[in-house]
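Heads up, the next two complexes both have chain A, just with different partners, chain B and then chain C.
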Partner chain A sequence: METFGYTGKILRVNLSAGSVSINDTLKYKEFIGGEGMSMKIMWDEVPAGTHPFAPENKIIFGAGPLCGTGAPCSGRTNITSLLPSSPFHGIASSHMGGYFATELKYAGYDLIVIEGKAASPVWLRIEDEKVRIEDARWMWGKGIFDTQAMVASFMGKEAQVAAIGQAGENLVNLSVIRTGASHSAGGHGGVMGSKNLKAIGVHGTGSVKIAASGKDWLELDAYMMSIIGANNQMVVPSTPQPWAEYSDKSSRWTGRKGLFWGAANPPVETGECDPHDMQSVGLRTMKAIFDLGAGAEKYTVRMGGCSHCPIRCHSQLKVPQLEKYGLDPYVANTCVGWSGPRGVMCYGIKDFDGNTGSDASIVGNAIGTTLADDYGVWCNYAQIGRDLKYCYDKGVFKRVLSAEEYASIPWSKLLSGDASFYFDFYERVAFKKGEFSHIADGSYWIAQRWNLGDDYWNDKSGKLWTRGGYPVHHSNEAGAQVGALISCFSNRDSQNHSHMNFIGSKLPVALQKEIAGEIFGSPEALDAPAVYTKMNVYKAKFVKYSLVRSMLHNSLTLCNWMWPMAVSPLKERKYRGDTSLESKFYSLATGIRMSEKELDETAAKCFTLQRAYTIMQMRTADLRNTHDQTTEWPITPDHAKDGSNIPQFTPGSIQMEKSDLELGRTMVYKEFGWDETTGAPTRSYLESVGLKDVADRLAAAGLLPG
Partner chain B sequence: MGVISPDKKEQIAGAVADNPGALPADREAYTSRLIEFIRAESSAGRLTSLSALASRFPPPDELSRELGFSITSAIAEVPEAGDLKKMEGSSDAWYFSENTMTGNYALHLLRTEEKDPLMLIAETVRDESRIYPRPTDLTFFTDPPFSMNERELRQALGRMELRPDMSDIKRCAASNGATYLYSTRYLGETLAETLAEWIEVGQKQNP
Partner chain C sequence: MKDFPEKREGESWFEKPRSRRDFLKMAGGSIAGLLVTASLAGAGKWEDPEAKELRVWAIPSGVIVHDPSRCVGCKRCEFGCSTRNSGKVSAELSRIKVSRNLNYGVEGVTAAYAKADGQMGNFRIVAETCRQCEKPACGNACPMNAIYADAKTGARVIDAKRCVGCGKCVQACAWNLPTVDPETRKTSKCTSCEGDPTCVRLCPTGAIRYMDYKEAEKLLWGADANSGATVVSGATA
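After this line comes the complex of A and B, so read on.
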């Protein structure tokens, strides 16, 4: 039977048995794809209480029905498994961009489900219908860069590779799976390592069929390209430009006259990228200067990115100074791929080893990023640097390390801003050398192991959002209660940009409020920056929209750094985007007609399934009090210079209020149709969306609200 | 808006400016040349002053003798020139085409042309505090399209402090030392400081 959007095949790999088989994707169609389908498989097949590193755990690499169709910004791979750094090993997803998921679709697969454990190191080789489990003994122990090169030497440079480094091999909780030049999925590297799975190489010669006519597809594509902005759907340039009514210096639309990809030959001027000019979309986001400062211009060769994405938000640099340290001068990454390692130098990077000024900062950062990427160390959304600083400043390392180990660490380099500290740090972490290496267990586990106490959790500069051990990630600083609540519903840092792609658009607040009114029912859904108001039902709708869209994007798979597109850069559209684009693309690709509302409700069902699994793992239905609470600092008033409290909701304060957030939780639970006391899904809701079996299993475990 | 390369824009502007030729007495032809010039200049990111139009394209005698004729009225009478917008400066008027330039950008250019840096700063800061709302980084004025030099900016700021009509313009600083201006008509001190800190430091800490 012909399938559209989907390939129709799930690749099943049992590493214990050394066997490979195929399942029918369409059995899971009601869960869309990617993360949604992965949640269903985990629910059905991995019992709660399984350890992430147990052979019984599964790791699922998922593409969705839009991946490989050419839909803009559809090059995401979703990876779902149990998360080692979570206190209860919560089910969670990580994501990577690049070209892996697209190649997987071309090879003929929607998902890869991997279970068991190989007897010795292996790698998975996928070439269309030929799937082999290969000996990885010569790859094991190598960094990710060499591993990728070795796979490419076997499969050809067209192959896409997902690999772990030594950190994943050594079951470091904070480890990544990486693909391509610069794309890392944080948190599940150790799961691959626990299965003795070093890498997956995939090469496909097929294609993805779509139900729509080419004409209809191209029309929708052209329409979307008229709405697309720059990275994070910022629709306003960073400098005043003739075509633009507005500008904002902190916009990621950094393209302008006189700004170049300076290390290209010849240098490429980004220029004033009129939003009507489709050929200049890829020049809008000169991310290197955004992430690394103005000094990065001369090191930038080009901007890279993911398959079928015109935005190109990954900075590809040539830093010749790296060769002095035995490192490749070519280094690429984006966003926290830079700032996470930079945060490890928690007292700053200063002049070192002949590198001065902004060059020192960039060379130093490039060293850190290169090592993190090659060893495959994750930063827990930059939390590892903050944990390092806390533990140093509070004397924790002096307390928990032996005198000998403490003396062996080059603290003077860290304190003086000498970036060669990175060599020692990443080697200890990746190879689990000494007690110090536990810094990469994750915040919850180091708090337990090193008895860090309440001060650690409640330290505002530490930015830990919940006692789940993950930090702020577009939380209270991003749309008041909207961001705050979004961050409460995940089992890891929320990785959610659904709200950011709107409130961070850089349009004037009054205009954003108008648009918020059209989408959520009232302009009150959106607060002006640092002018926060009390919780209301429209904010709750905004929260649900954001959570649901993130699940939807991870299921279709689309890039949640760009989607949804609530706004546009076009004055003639009054800056309105189109939040129904996902359903339009899905309907055209698959031939399954779904309205925006229907697709959102399907994603809400998938999100609810994740919630149900979490309940089983935490063994309580009372997620309100055990899972959804923040640490103390977000709900503590700031202090004025005279020491007096600044009440929440005073202009200038972004602090939350406990009772107001509790009201917010209640409102969000209600929006989802969950029990309003506990935040657990109800039988009524579960049965209404075809999840009676989930209700039955929760009830049997005594975990269904009465 | 069509897309014209920067080189082409300059070429068009130059061609129209350098070749006024024998200005046709015919009103329509004469007005068309004015309109073309304004549009070409606008494409190149420039305003066109009324005085420059009069100088480059002096109206033929036959037209200037007409009762009520003016360059302004001639342009205004052309239905197809609806994209041309006129702004009144203190001593001249300025045209741009909204096909290639927005009103806000044109206003930036107008304020620069007025050669009154104090008013430029004060009015721009007020607009930013009102429209977005946000405080304004000082480097906004040293970068294009204003391109003030540091000394000019420093002097202007100093003189502004002596102007009672600019007493609403205040300074605040972010923790990294960046200086911002804001208008107390639209922003309070605490909010301005918070926003400046967020722009300079907070956003980088929350990528």
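After this line comes the complex of A and C, so read on.
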């Protein structure tokens, strides 16, 4: 049967048995794809209480129905499994960009479900319908870059590869799965390692069919290309432009005359980037100078990114100084792929080893990023550097490390800003050398192991958002209670940009509030930065929209770092975007007509399933008190210079208030149709969305509210 | 998208009425006086005194040129090309080839991959595009005479009704640009999209241009070839 959008096949690989089988994707279509389908498979097949590194755990690589269709920003791979760094090994998803998922679709598969554990190291080879489990004993121990090259040597240069480094092999909790030059999924590297699975290579010569005509499909693409902004849907340029009514220095729309990809041959000028010019869309986000400072211009070869995405947010640099350290001069990454390793140099990178000024900062950062990417170490959204600093400043290392081990660590390099410290740091972490290496167990586990108390959790500069061991990720600083509450519903850092792609647009606040009113029912859904008001139902609707859209994007699979597109750069559209674009693309691609509301409610169901799985894992329905609470610092008033409290909701303060956030939780639970006391899904809600089996299992475990 | 084709390859969209006079006009004066025994809308075939079959081709009006310095590897060109010309989305079927060289360049994986072309090396992305050769090896190799010069652009295009998917054109092309669709067993190659190539339109960095054939020749192989851009063989500047 011909399928549209979907390939129709799920590849299932049992590494214990060495067997390969195929399932029908459409059996799961009510869970959309990617993350939604993965939640359903995990719910059905992996019992709560399973350890992430047990053979009974599964790891699912998922592409959605829009991946491979050319829909803009649709190159992402969703990976769902149990998360080693979580206190209760919560179900969670990591994601990587690049070209892997698109290639998987062309090979004929929507998802790969990996089960069991191989007796010795293997890699998985997928070439259209030919799927083989190959010997990886010789690959084991190699870094990710060489591993990818080895796989491509076997399969041909077209192969796309997802692999783990030494960190994943050694079951480091904070480890990644990586594809291509710079695309990492943080958190699940050790799960692959526990299965003795070093890499997955995929090459596909097939196609993805679109239900609509090619003409309609390309017309929708052209319409969308008029609405798209820069990275994180910022629609205002960072400098005044002839075409632009507004500008904002903090915008990621950095393209302008006189700004170049300086290391291109010949250098490429980013230029004016008029939003009506479709052939400069990929030039507007010159992210190297945003992530690494103005000094990065001369090192920039180009901006890279993912398949079918016109917004190129990965800076690809040539840093010749790296050769002095035995590293290749080419290095790429984006956002926290840079700042995470930079954070490890927690006292700053200063002039070192003949590198000075901004060059020192860039060279140093590039060393850290290269090593982290090759060993495959995750930074827990930049938390690892803050944990390192806390443990050093508070004397934790002196307390828990042997004197010999303590003396062996080149602290002077860390303190003086000498970035060659990275070599020592990442080797210890990736190979689990010594007690120090537990810094990469994740925040919850080091707090347990090293007896870090309330002071650790409540340290404002530590930025830990919940006792789940993950930090701020666009939380209270991002839309007041909206960002704060979004960050309470995950089993890891929230990775949610649904709200950021709107409130970070850089349009004037009054205009944003007007648009918020159209989407959420009142301009009160949105507060001006640091001018916060009390919780209201419109903010709750904004929270639900953000959580649901993130699940939707990870299911379709679209990039939540660009979608949804509530705003546009076009004055003639009064800067309005189109929040129904996802449903338009989904309907045309699959031939399954879904309105914006229907698709949102389907994603809400998928999100609720994750919630139900979390309840089974935590063995309590009371998620309000056991899961959804923040640490203390976000709900503690700031202090004035005289030591007095600055009450919350004083302009300038972004601190939250405990009772107000509790009201917010109640309102969000209500928006989802969950129990307003516990935040757990009710039988009536579950049955209304076709999840009676979920209600039954929760009831049997005594975990259904009411 | 006013100029989107109503029909796809192999359908009557390609079979516009073409007169012998039109063909002669396109092909120029060089064939005047020769006896054209078959007209394939843009390509003529005749026998020389040694009974060797010769074909003469209209000069293409334009060619697609790709700039490795500007290309960001997003593959929007491949999606647009395969959507317009094959009615489905596929890297394999795209007539402009980015995916095949994306990670490791034209040369493929080498021990020096970290400094070689490609995303896993120096980030340079070299696409391969059809040169619409003046003497197209693909067309001359086709045993079914299924490849002809498009009346409007001179692009060497495939009549899917005649094509049997034998792959002789793929083998004949020095760059293996024609591609046999494994699903339809028909071969596809660059059509220049009637002079308004979809790949050019969809490129978000202006890395792909549709250039006058002579201008492209000059840029790629002529006096301007060392204009500062790094030149590789083929339609890439």
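The criterion applied here is as follows: the second predicted complex is superposed on the first by the 706 of 706 C-alpha atoms of A that agree within 3 Å, B and C clash if a C-alpha of one lies under 4 Å from a C-alpha of the other, contacts with A are read in each partner's own complex, and residues count from 1 in each chain.
The criterion applied here is as follows: contacts are C-beta pairs under 8 Å (C-beta built on N, C-alpha and C of every residue); 3 or more make two chains touch, one makes a residue touch a chain.
Predicted model only: the values in this text are computed from it and were never measured.
**Q** Between chain B (first) and chain C (second), which does A:Val268 come into contact with in this model arrangement: first, second, both, or neither?
**A** second
**Q** Touch test for A:Pro240: chain B only (first), chain C only (second), both, or neither?
**A** Only chain B; A:Pro240 stays clear of chain C.
**Q** When the two structures are overlaid on chain A, which partner does A:Thr650 contact: first (chain B), second (chain C), both, or neither?
**A** first
**Q** If we overlay the two complexes on their shared chain A, which of chain B and chain C does A:Ser412 touch? Say first, second, both or neither.
**A** neither
**Q** Check whether A:Val301 is in contact with chain B, with chain C, with both or with neither, and answer first, second, both or neither.
**A** Once the two structures are laid over each other on A, A:Val301 reaches chain C alone.
**Q** Pick one for A:Val472: touches chain B only (first), chain C only (second), both, or neither.
**A** first
**Q** Quick check for you: in the superposed arrangement, does A:Ser120 touch first (chain B), second (chain C), both or neither?
**A** neither
**Q** On chain A, which partner's contacts cover more residues, chain B's or chain C's?
**A** Greater contact footprint in residues on chain A: C.
**Q** Which chain A residues contact chain B in one complex and chain C in the other?
**A** none
**Q** Taking the complex as given, what residues does chain A use to touch chain C?
**A** 68-70, 99, 102-103, 106, 145, 148-149, 152-153, 156-160, 180-181, 204-210, 214-215, 217-219, 221-222, 225, 261, 264-266, 268, 278-283, 301-310, 312, 316, 318, 328-330, 332
**Q** Taking the touch rule as given, give the residues of chain A at its contact with chain B in the complex, in rising order.
**A** So the residues of chain A in touch with chain B come to 239-246, 248-250, 257, 271, 274, 276-277, 291, 335-336, 339, 472-474, 477-478, 508-510, 528-531, 571, 646, 650-654.
**Q** Under the definition above, what is the set of chain C residues touching chain A in their complex?
**A** Residue list for chain C touching chain A: 1, 4, 8, 69-76, 79-80, 82-84, 86-93, 99-105, 108-109, 113-115, 118-124, 182-183, 198, 201-206, 228-230.
**Q** Quick one: in the complex, what on chain B touches chain A?
**A** The touching residues are 1-3, 6, 42, 45, 100-105, 108, 131-134, 137, 139-140, 143-145, 188, 190-191, 193-195, 198-199, 202-204, 206-207.
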